[in-house]
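Chain lettering (A, B, C, D and E) follows the sequence in which the chains are written, and residue indices restart at 1 in each chain.
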Amino acid sequence: MISIKNVNQFYGGTQILWDLNLDIKPGSCTCIMGRNGVGKTTLLKCIMGLLPVSSGEILLQGEPLQKKKAEYRAPAGIGYVPQGRDIFPLLTVEENLKVGLPVRKDGAKEIPEKIFELFPVLKEMLQRRGGDLSGGQQQQLAIGRALVLEPKVLILDEPNEGIQPNIVKQIGDVILKLNKEEGLTVILIEQKLGFARRVGEEFRLMERGRVVASDRMDNLSEELIRQYLAV
Amino acid sequence: ADTIKVGVLHSLSGTMAISETTLKDTVLMMVEEQNKKGGLLGKQLEAVVVDPASNWPLFAEKTRELMTKDQVDVIFGCWTSVSRKSALPVLEELNGLMFYPVQYEGEESSKNVFYTGAAPNQQAIPAVDYLMNDLGVKRWVLAGTDYVYPRTTNKILEAYLKAKGVAAEDIMINYTPFGHSDWQSIVSDIKSFGSAGKKTAVVSTINGDANVPFYKELGNQGISSEDIPVVAFSVGEEELSGLDTKPLVGHLAAWNYFQSVESDANDAFISQWKAFTGNPDRVTNDPMEATYIGFKMWTQAVEKAGTTDVDAVEQAMIGQETENLTGGMAYMNKNHHLSKPVLIGEIQDDGQFEVVWETEGVVPGDAWSDFLPGSKDLIADWTAPISCGNYNTVTKTCSGQNY
Amino acid sequence: MSSLLSNFMSFSRINGDSKVAPFVVVLLVVTALASSCNLLMPEDSVFYVSTYTITLLGKYLCYAMLALAVDVIWGYCGILSLGHGAFFALGGYAMGMYLMRQIGDRGVYGNPELPDFMVFLNWSELPWFWQGMDQFWVAMLMVLLVPGLLAYLFGWLAFRSRVTGVYLSIMTQALTYALLLSFFRNEMGFGGNNGLTDFKDILGFDLQSDNTRVTLFIITALMLSGLLVLSKKIMQTRFGKVIVAIRDGESRARFIGYRTENYKVWLFVYSAMIAGIAGALYVPQVGIINPGEFSPINSIEIVIWVAVGGRGTLVGAIIGAILVNYAKTKFTAIMPDGWLFALGAMFVLVTLYLPKGLMGLVAQLKDRQLQNVNNRPNDKAEEGHA
Amino acid sequence: MRYINAICACLLGLLISTSVLAASPSEAQQPLLLELTEVKLNKALPVLQQLETTEGADMLALFKTMLNGDLYYEKETRRLIAALKEQSVTRYSDLFSGEVLSDLSKKQVRKIKVNNKLRGYLGEAIARMQLNHPDSAVRKDAVRSLFSDLGSNTITLIRDARLKEQSRSVQEAMDVALALYRARHAEEATDRLQAIKDLEGSLEPEVRNQLTQLAENDPSRSVRKAAQTGLDKIDQQAEMYGFINQLFFGLSLGSVLLLAAIGLAITFGVMGVINMAHGEMIMLGAYTTYVVQLMLPNMIEYSLWIAVPLAFMVSGLAGILIERLVIRHLHGRPLETLLATFGISLILQQMVRTVFSPLNRQVATPDWMSGSIEINPLLSLTLNRLYIVAFALLVFMILLIVLKKTSLGLNVRAVSQNRDMAKAMGIRTDRVDAMTFGLGSGIAGIAGVALSQLTNVGPNLGQAYIIDSFMVVVFGGVGNLWGTLVAAFTLGVANKFIEPVTGAVLASILVLVFIILFIQKRPKGLFPQKGRAAE
Amino acid sequence: MSILDTTREVMRRDQVWPFLQDHSQDVDISHQVLLYVEGLNLSFDGFKALNDLNLYINDGELRCLIGANGAGKTTLMDVITGKTRCDSGTVYFGQSLNLLEKDEAEIAQLGIGRKFQKPTVFEAHTVMDNLELSLKSNKSVIPTLLATLNSEEYDRIDHVLETIGLKAERMMLAGSLSHGQKQWLEIGMLLMANPRLLLVDEPVAGMTVQEGERTAELLTSLAGERTVVVVEHDMEFVRSIARTVTVLHQGSVLAEGTMDEIQNNQDVIEVYLGEAP
């Protein structure tokens, strides 16, 4: 679905991603894991076109993405839930959701009911400003917002950060449901092993801007965890 | 030097560009003409143009630049009083020579400046006389922008009117900020002030851009010139060219020159101007005539003195005569002010003025007003033995500075 | 690592590498050279520097000082003042009042007590706020106090009520605009539109003599250097760090326990005083002070000088002010009809191509050099902080 | 007398037809007419007075033509002719026969000058002649314009006309005139008392003046008292209408502020660009009006309707251009936009100076926008202001709808709040930016059209409004259109209510001080953005 | 009151003028309770974020605060630290200090430190400077102007750098740290200030499990000497540190007790935990 070949990326003079290679299978749910600051978020931003890559290729279903500007990547089928959620703070919940409507292929004018089925809180909060919501509510809104786009790939950057346990579970269910029942490809950055194990099929471990291990989730060994996740 | 340098110190940008650009062009035209005639003292004239950008301190700086860097022999320049006041110390320090072509509030006479515009007694007083005697005006609105020229003029006029027996309640004085654009309340006040059954007139010293909205509001509130005529001292042909004059017909202005005055000199001047600017619609106005007279006189004085040396030219200037564009002769007095005729014109719908009244003969410009307590004893006389810009005829001394 | 060194290091990282010392040296050397060339060289010598140039340079340096004042609060504390011209003008008026009183009976009306414009408006005695202004020390006190007090009052009101961002900027603009209109009024007793002019001498020295002019110029240069060094020093203290912290996260700074409004008020007052001093030095050199200095456009221009030079670098502000004004002088002389095109284009191009101003360019070049030499990636993550 | 203008306006149309109908002048009139061509300006009045009373041809056409400044005579024959000015060409016709004199050139004719004094007299004389005009409105205006000059022969004319008069309102006006005359001249105190009673309810300034005089000078005490009572009543009314008037002034000033600021409320308020070139966008709009009138000199009446969409396009395109070339590169650096747009504003100012000259340009006001509607003698609302208030509100509503109801509005706000995220949501931020900036600039252009009707069209136009605009937007609360509306009207009304007390200069200062203090109370303007995110 | 009375009041002999009084009051904890929160109410545009909330924190305690998203935990901290004004209720620090009368800076100087949910650090400053600024010191203008780091303070910074594992990044600008690193830095800033009461909002969000464990150790070690209130959703983490847990729901306290009690509380399971873990 998405394949990344030899991507290098710099912040100013500092190289963050080093010849990074990554392959995401269609319909899979892949967890990217690694310590703080290894470049996970950076990688996602590169996929979204929010950061320029200095060399390498990013392919979506075999088509090169890096020529496309960021605003054409959502229509190409990528939904993005950023770290820190990045809700439009002064738009109401409803408006936050509506932003993505024009991208949909079906030209819907209203927010699909499905979103509210997945996250009932959003329905209650419809007229409140996004910025006023609590962290957890914002997270749900961010996922909902990405789903409005009807993406082929859903990218989530630490979606459980600061979410109450039962919602974490609910989000897990939602991801599983989307992935398993609707065949949505999911890329997930997750620090919590438990959650990763529950929803992920595949894992990728990152270290200093490189993917250092990739396999099926079942094969994530204590060895690897100690090597790449422990401090 | 192999040329005689003429400095031109008029704002070409900023708020004053609107008025001053024309004067720059006038000087350039005069220089060109003089050069065609073979120059001066056998040398060509060279104009040095700078832009003080309507920024007052810049006038001082540019004056210094013209005098020390470009070494000009004379400067034609300034419009607002404050710009002149700013340039003055530099002129006096470096002993320069400047011609100032705009009507102003008086109360000044410098050895280094010749004032070719009107002093208050050459504009305001005759205008009021006309309104009072010919139109029978009994109630007066003195409306002005809040700065020195209107303040002084209005003070002089107030004193003058009271001396003529006008009661205090028949005088309304109103000041507005620069560029005032919302005249609704003031015009409505004027309207009610004018509906008290006595003939009322507005004496306007409103400056620059504020005039257009003022006249527009007059027109819209239905005040026509027959009801309440407005006589203005800062509205000339140039200002009218930016206005739809239909509603203004009949309002008045007092100047020493109108484009519409028929005379050969004027016709020649106008066609020269139109040719020079390449624009058949360009108008001429009073400060242009003042520039014209100043320039002519200067060339005559230089020829008389045989040199461009400032002191020699200054002395040669006094007593110079030049033909006015409106006929008659302008005369340079000992106080560095001109004697000129005063004309009163009514605005026509073609943006021109129709002369409706003029003084018999010329009026000598008075540097120090006779109607202000502080200056009624002062005179200016730049000839020996007085040689002073502010000589007190009572104490027989030259008060303050001695240049 | 000694704490002092770390202090310095951290500073240079925050705000580009602006070296104050070399700049001050250059400034003083140029000043000394120009002054001596004016006084010692004969007028026809190629090395002669005309008095015109000296006053021009003096004026630039005053503007530079003003830019410094703006940079202190804008560059370091993020307070965009669109009204700093007001403090400059107030300082200028204080000085102007002193100079006006020095005229004594040499005015046109020869009144020993009253300045000409008061005689002219029939005033019979000096208004209270003119009392004592014939004393140099009183006037100098006022140069500091009046802008300082106004800044204190305004800052105290605004910062305590947590007025920030554009709201604050526009309020400073309103402030200077209100002052502009007030000073235009003849009733205010500051000479209305004409302002104060026609000065004769300062402390008994003839203002029109070359010696006085050169002295004023030198004083300005020394003052500027002094204030530059002082400002730099202040910004290197913890106070300076708090100021920058307020710029980037005011509420965070509050939660650490800093009373940010006090910091802002004091910095604002300091900056206003610098502006006042600049104004005071400006007036005797250009010979006039009038309400035009309060005009909001002037204040905006000051900000632009700083931006052109590079905000938050102090030296940059000074260079920016000198450069823009030099360009103005040159452009108005070379192309009086089109200089606004050139100036406008200059502003646009600088913004587009030198986002961090001239100092940013310098830093960039230096970085590149460093990279080439060390071949080690340099950390340049200085985000623009609005 | 102020009705003369109105008379003139409606007479203009009738001019040709009446002059055709005029009979040729009588024996007695001929020498007077000849004298008119020779006499000096200040001696012309007696001649005209004689002409009015001398039997013979109707002099109405002559007077009207003269009042309009269209009266000429042929130098050779001394024959009086009327000029008909149409744009650049002037046609002449014989005043009395109406015969068109096509072979006459400018050189062969000379104008008969008028001055204010003559104009005043002509107006009155025309009014006297028109007491029997078929149109009742004209008759009424004629009567009212005679109020200030009720001589005995005028009064006889009015008295005669009153007998024949059918129209109610004209009758009333005539009654006022007659009562005025009696109040002034009646010998008996009772007559004067009766006259005062008859004058009751009239708000004419002449009535008030007359009552003042009676209240002060009348020998009879009861008359003085009655006059005073009448006066008090009028003053009471005057106070009320004065209040309404001031309110109107305030609203109209407010609508000017609103128009000027509303474009900025988008470019600055919503997009966050500190747009110093906003004033120049207004200026471009005003110049567009000028150009439209220049190109279509025969369509002054419709020029504004053409100018509004055109100005929107011109300024809008300029805005888009600026956005594409400059602003686009400054995302995330809002303060730098100040610098760049300031540069742009300098360039634009100098550009119009170069293209159109530094002088102000003349923009005509269409007839339907000039003058005022008179509600009563104490209260009249100027038409141009009335239209501008309506126009400002209209523009505001349209803008509100565009921003609230179209996806553009949503997208703009999303982009301004988080550009990266907006991109990630597939919003084409480039297009949104350009369109929004274009919209804001276009609206500024429209404002320029309106302002061209009130003030100078010159290179400094923009500068005059930029500071006020920022003040309004900030006072109202950045990013809130309603705030801008309320702020504009508040400032306008406040200004107009302070102005009569303190004078214009102090009023502006006080308003500024008020804003400064107000912002201390509400640091985010009238309608602040609320909630956590706004911190 | 007449002017005379006012003057008399101001000039009372038995009392020092208010502005001369020593304001550096000490926290009075004679009843072992450090923080009293009583009857707190707060609503935003009609939405009740805090609803008659009562909470008592003992001195030296480590208290965990959990509750559904939007329960009002962050808002409660906002009220305690002076960021948000509440509609009604009281908040006392010790017996005598009414926090509602004070502003943020004052409260911070009293010794209440806070870590935000979303890490907030001074992005244009280096890690080192961030720590220096948070140092417990006199924070008024003049002393700050004259302040320099003495060797003791310098050591302290070093020590904290060590603790938060950012030694290598000490000269980096805080703005270029990753999310997790910023979290650590903010904890470091808290440590520097050496506060009496720490309010820690979601410290381990974005950290790996192992890092979370380290944070837990750190917080546990702090308790006792200081009082710590932790908000966290990570139940593993909460269990590892918690002694008393308070559950908030819809702006008021739903349950309070030990971890075990809470985990078996039916209400809590329903609104927060989901089915029992």
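To be clear about the criterion, a residue touches a chain if its C-beta (ideal position, glycine included) is under 8 Å from a C-beta of that chain, and two chains touch if they have at least 3 such contacts.
Since we're looking at a predicted model, the values are computed, not measured.
Student: Indicate the lowest number of steps between chain A and chain B, counting one step per move to a touching chain.
Tutor: Graph distance in the chain contact network comes out at 2.
Student: Identify the chain whose mean C-alpha position lies nearest to the mean of all protein C-alpha atoms shown.
Tutor: Closest to the centre of all protein C-alpha atoms: chain C.
Student: Rounded to a whole Å, what is the gap between the Cα centroids of chain B and chain D?
Tutor: Roughly 30 Å separates the two chain centres.
Student: Starting from the mean Cα coordinates of chain D and chain E, work out the distance between those two points in Å.
Tutor: 64
Student: Between chain B and chain E, what's the gap in Å when you average each chain's C-alpha atoms?
Tutor: 73
Student: Taking each chain's centre as its mean C-alpha position, how far apart are chain A and chain C in Å?
Tutor: Centre separation, chain A to chain C: 51 Å.
Student: Got the chain D residues that touch at least 2 other chains?
Tutor: 349-350, 463, 505, 508, 530-531
Student: Among all residues of chain E, which ones touch two or more of the remaining chains?
Tutor: Those would be 44, 176.
Student: At least two partner chains per residue is the criterion; list those residues in chain B.
Tutor: 12-13, 146, 177
Student: Quick one: which bits of chain B touch chain C in the complex? Just the residue numbers, please.
Tutor: Going through chain B, the ones touching chain C are 12-13, 49-53, 55-57, 60-62, 64-65, 68-69, 80-82, 85-86, 88-90, 93, 107-108, 146-148, 151-152, 177-178, 372-375, 378, 389-390, 392, 397, 399-401.
Student: Which residues of chain C touch chain D once you look at their complex with the stated criterion?
Tutor: Checking each residue of chain C against chain D gives 80, 154, 157-158, 161-164, 166-167, 170-171, 173-175, 177-178, 181-182, 184-185, 251, 296-297, 300-301, 303-304, 307-308, 337-338, 340-341, 343-348, 350-352, 355, 384, 386.
Student: Quick one: in the complex, what on chain D touches chain B?
Tutor: Against chain B, chain D makes touches at 1-6, 41-42, 69, 113, 115-117, 119-120, 123, 148, 205-206, 208-209, 213, 245-246, 249, 252-253, 256, 349-350, 353, 357-365, 370-372, 380, 382-385, 453-460, 463-464, 495-496, 499-500, 503-505, 508.
Student: Considering only the defined contacts, which chain D positions touch chain C in the complex?
Tutor: 268, 274, 276, 326, 329-330, 332-340, 342-347, 349-351, 354, 463, 467, 470-471, 474, 478, 505-506, 508-509, 512-513, 515-517, 519-521, 523-525, 535
Student: Across the complex, what residues on chain D touch chain A?
Tutor: Interface residues on the chain D side: 407, 410-411, 413-414, 417-418, 420-430, 479, 529-534.
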